[in-house]
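See the structures that follow.
Presented sequentially are two complexes of chain A, the first with chain B as partner and the second with chain C.
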Partner chain A sequence: MRALAERFRRASATQVMALSVLSLMAVFFAVPIVWAVFEAIGGTALHWLLNSAFYSTAGAAIAVALCIPAGYGLATHDFPGRRAVLIVTILVMLIPPNALVLPLFLEAHAAHLLTSPLAVILPYGLYPFGVYLAYLYFNTGRFELLLQTARMDGCSEWHVFKRIVLPLSLPVSALIAFLNFVASWTNFFLPWVMYWSFDTTSRYPLALGIALQLDTTKGASFYGALIQLHTASSPSYIALLLLVTCAPVLIVFALAQRWIGSSQLQGVFR
Partner chain B sequence: MRPRKSGYLFIAPYVVLLVVAGIYPMAYALHLALTSLTAHFSGARNFIKSWQDPEFLPAFEHIGIFLAIWLTALVVLVVGLSLILHSLDRRISAAFRFVFYLPAALAGSASVMLWLFMLEPGVSPWTFVLHWLGYGTLGDSIAERNLPVIFAVIAFWSGAGSWIVVMYGALATIPHGVLEAARLDGAGPWRTATRIKLPLIKRWVAYMLIGAFAAGTQLFAEPQLISEATGGILNQTWSPNQLAYFLSFQLDNFNYAAAIAVDLLAIALISAAVVLLRTGLFRVSD
Partner chain C sequence: MATVTFRAASRIYPKVPKAVNQLDLEIRDGELLVLVGPSGCGKTTTLRMLAGLEPVDEGDILVDDQSVVGVPSQRRDIAMVFQNYSLYPHMTVAQNLGFALEIAKLSKSAIKDRVIETARTLGLEECLDRKPAQLSGGQCQRVAMGRAIVRQPRVFLMDEPLSNLDAKLRVATRSQIAALQRRLDVTTLYVTHDQVEAMTMGDRVAVLKDGVLQQVDVPSVLYDTPANAFVASFIGSPGMNLLDGIIGPDGVTVGSTTVQLPRELRETAGTGRVTVGVRPEAVTLAGDGAGVPATVNIVEELGPEAYIYARLEHTAADRSGEETPDFVVRVDPKSAPPSGRRIELHIQQESVQLFDADTGARIVPE
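And now, the complex of A and B:
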């Protein structure tokens, strides 16, 4: 962020003008489409969609802000306990996220955080896989050499991080943000235990809102046999919600497939 | 000469969250599992009680059947499809990988919802298949004996694409020279795939199997939503996670629920340790 701010400060007035004109025009081009989507979804579901966007974005922001320094520290610093942190990181990363949901629920219950947005955002922000990705990204001989040169030139630790590590971390930050965003966006169990039983539909992410479309009151007929699927709204409206759910992930994946796909994942493994 | 102390500053924020949202909740669940409702230490009593629960064994049996189907499908189809993709032109295989990955974009609940429509003969595009199988109503197609297969299909539909991306990535690391040498020695595509490529990606297949096993034991959204859709006719404690959830909400017995959560955590941790120690895929030192 600092590096970005720096770049903005250096940008000339004409560049700022150009950017504002472009942004204004982007608003003009995008608003009608956004309106159409919002209008089609309508009231409550729109609220869920914005909740989903808020939880996932906040989670991804925390994940990137913690993963980059942590991965960098683990890859380029020698300190007692480094190996232990790395091992715990890999173990937690290999545990399926669902395994942590009930323990997190018990903790949130004890801390009176149930139904609070923090109850989902903080767990979303914990992303050991991102730390491991950043660790691998910074754990190369070339990078080590670059750091040594900078330190010999008298760069302070903080300066090295701000001027070299942060700008170079952009690709891995984008990857961490995307993978974390998708994971939170599609998560169901965690928001379910935090919000479902407490009549807090205003806190629902879209994944829970969709589940709410299952009309449980009509599901069971008197004969105990289910003749057809009963839903709270029409199948076509539910289909629209499903399309909206997968749109953001698909757009990013289609744009960045080459880059997110195999070549990036290869680096994860030895 | 690598800096030392400042390393703590860089990892501190992450370690704090790792404790708050990772290690502490696990420890707290273990603590609850070892205490009675009246907050006294009760040893393994909650565990023994939960193992004797009439719902406990059936839940693990259900998951076992589901896992057997799902893991077989993963090994055969993901490995097979990845090998086929790897022998294709790069651009064609990229298009197919994208299509296979598509369902991963749907939230857990969204994919279940979608599959409820797929299984409802009234709206499904697969009605002819459902009729051919003799299913006239939704009740027929989601009958209890079909559930493990249905969950395996949903899990495979939404998860296989990501594994294909990983497996294809593993295949892409095979040096070109190795494949070229095999070709010169007269190995056809089948021989190359089974004798050269397959042994080289063995570790990734093991990782996928253990990872999918651990994730599969955690099944929740699918059985829970099918149970909702049927207005609770269907078992609300079909999977172990559902049972733990049911115990903590309906019965308000957190200690009892914590014991099951710890059982599931133990399975997950052991699987994670096996992946870390035995597959050698993850490195912890330079």
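And now, the complex of A and C:
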């Protein structure tokens, strides 16, 4: 944020003017489209869209907050059981997510979390693949060297983490957040199982909402609903919903790719 | 200001010979001691033991007569310049320089003063706002140096700080570092594999091989009276020529030629096989049929001097059938013979050194 402000401060008057004109034009053309879309999909769909945004953002945020320290700890510190934790992480990573839905359902039931938003957020917040990605990112010689340098400079372990590790973990954080966001945004099966009760449609994410357009007798004959496609909602309405479903993924990717590809470690070595 | 003492310090990795074996070494207050040796000799491990980045498995390391074994790096008050500089990539030069002071909770104005002063010392004022990725190799090296000196630590450690610079810059920076160290008067342990760097920079030089200290002394003593054949061949560029010889009543016989020896040296050496050491500059070209016959292999012209790499005829190594390294002779480039020419070498007897054929230890005349 500070860097952005700095860039603004340095921008010339011409640049500021060009940016203002371009922004104004963008708003001018975008507003009618956005208005048309949301006017068409109506209040309920907007609600689902916001639900989806909340679940996926919260899940991704929790995932990043947990994966970075976990991956860092696994990569740079030796503690009893480190190997075991690493192996379990990789094993869990290999299990297809859909195979975990039933155990997760039972777990959520035992914890009285069924039909609560936590039941769809937490399974994505705990993200073994992200831990592994972070582990790979931190498990390099140049990182080890930077940590040693910081310790020689008098840093405590906490200072090392806060001042060196966190700022440099931006690329891998962006990657974890993006992958996690897309996975939970596009997921249908897990929320479908967790929101099993029919009075929870107001908590549906968009993916479930679209399905609801196909089949108003949820659970009874989902596949049968595909045949009744025309009777539920108009195909053009469903197509619009699908388009709206895709758009945020593109936006998140556009935001994340700047950091995903960036080389934060550039300049460590010569 | 501090003294550093290694007392029989060892670093033991499982299943391999000791990386550092019973090292006894003292670095005096304000001294620049260079630790030199071939790669894998344990010099960097020694440095890292003092830094606290490697444990000390046996023995002790004292800084100012207080053991630092078990004290974490951050509390040793020792600064290190890493071979790859290891600058913090997300910080500007100014932030890199001030980081340790910030961690030590100095006031902002004090940090600023010291950063600016250090930048001025090293000629880095221009790049204070730049990130490491925007610096040249030489500037990175200076930032790495600056990060160490800004702290005013008890001891500097430098791990081959010049190895990533190009040859010309390395020579220039070499003298700058030595001058800076003398001005700051901070006890320094400097590690390098380059013996020229060691000889030109060090107040004293310690030669390490396979984790064992071979000799530690001022450069001229290392050069003139090496403790053993390894130091003799390692120090000097090119190093000392080492030949197999047999002690006889008149002197030492190398191949078919006998080289006269000073009386004291011959008497001390006794009889039997020895290793004969001759510096390249202790040999002249002779034309009277009395010298050691040889054939010129290659001539290296360096401008003010030239080195002849020659193959001696009938040397002792012929018996074993092994290839002996070429015998190196320093000559005036004007009188350098062409490759393939047969020459005769006259070895100055007073500069011949003898080493025990088995242990390599130098035979000191009584």
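Observations
To be clear about the criterion, the second predicted complex is superposed on the first by the 194 of 270 C-alpha atoms of A that agree within 3 Å, B and C clash if a C-alpha of one lies under 4 Å from a C-alpha of the other, contacts with A are read in each partner's own complex, and residues count from 1 in each chain.
In this section, a contact is a pair of C-beta atoms (placed from the backbone, for glycine too) under 8 Å apart; a residue touches a chain by one contact, two chains touch by 3 or more.
Worth saying up front: this structure is predicted, and the values here are computed from it rather than measured.
In the superposed model, A:Leu19 lies in contact with neither chain B nor chain C.
In the superposition on chain A, A:Leu145 makes contact with chain C only, not with chain B. When both complexes are overlaid on chain A, the residue A:Pro123 reaches chain B alone and has no touch with chain C.
Looking at the shared chain after the overlay, A:Ile95 reaches chain B, while chain C stays out of its contact range. Set against each other, chain B and chain C differ in how many residues of chain A they touch, and the higher count belongs to B.
Shared-chain residue A:Ala36: touches no atom of chain B or chain C. Touch criterion met: A:Cys155 reaches chain C, while chain B stays clear of it. Residue contacts after overlaying the shared chain place A:Val27 against neither chain B nor chain C. Comparing which residues of chain A touch chain B with which touch chain C, the overlap comprises 151, 265-266, 269-270.
Those residues of chain A lying in contact with chain B across their complex are 62, 65-67, 69-70, 72-74, 76-79, 82-83, 85-92, 94-96, 98-107, 109-110, 122-123, 125-126, 128, 131-132, 139, 151, 157, 161, 182, 185-189, 192-193, 197, 206-208, 210-211, 213-214, 216-220, 224-229, 235, 238-239, 241-242, 245-247, 249-250, 253-254, 257-258, 261-263, 265-266, 269-270. On chain C, the positions that touch chain A within their shared complex are 51-53, 72-75, 78-80, 82, 84-90, 99-100, 103-104, 131-135, 137, 140-141, 147, 151, 164. Chain B meets chain A in the complex at residues 2-11, 13-15, 17-18, 20-26, 28-29, 32, 94, 97-98, 101-102, 104-110, 113-114, 116-117, 120, 122-123, 137-139, 142, 165-166, 168-170, 172-173, 204, 211, 214-215, 217-218, 220-221, 224-225, 228-233, 241, 244-245, 248-249, 254, 257-258, 260-261, 264-265, 267-269, 271-273, 275-276, 280-286. Across the complex, chain A meets chain C through its residues 142, 145-146, 148-156, 159, 163-164, 167-168, 264-270.
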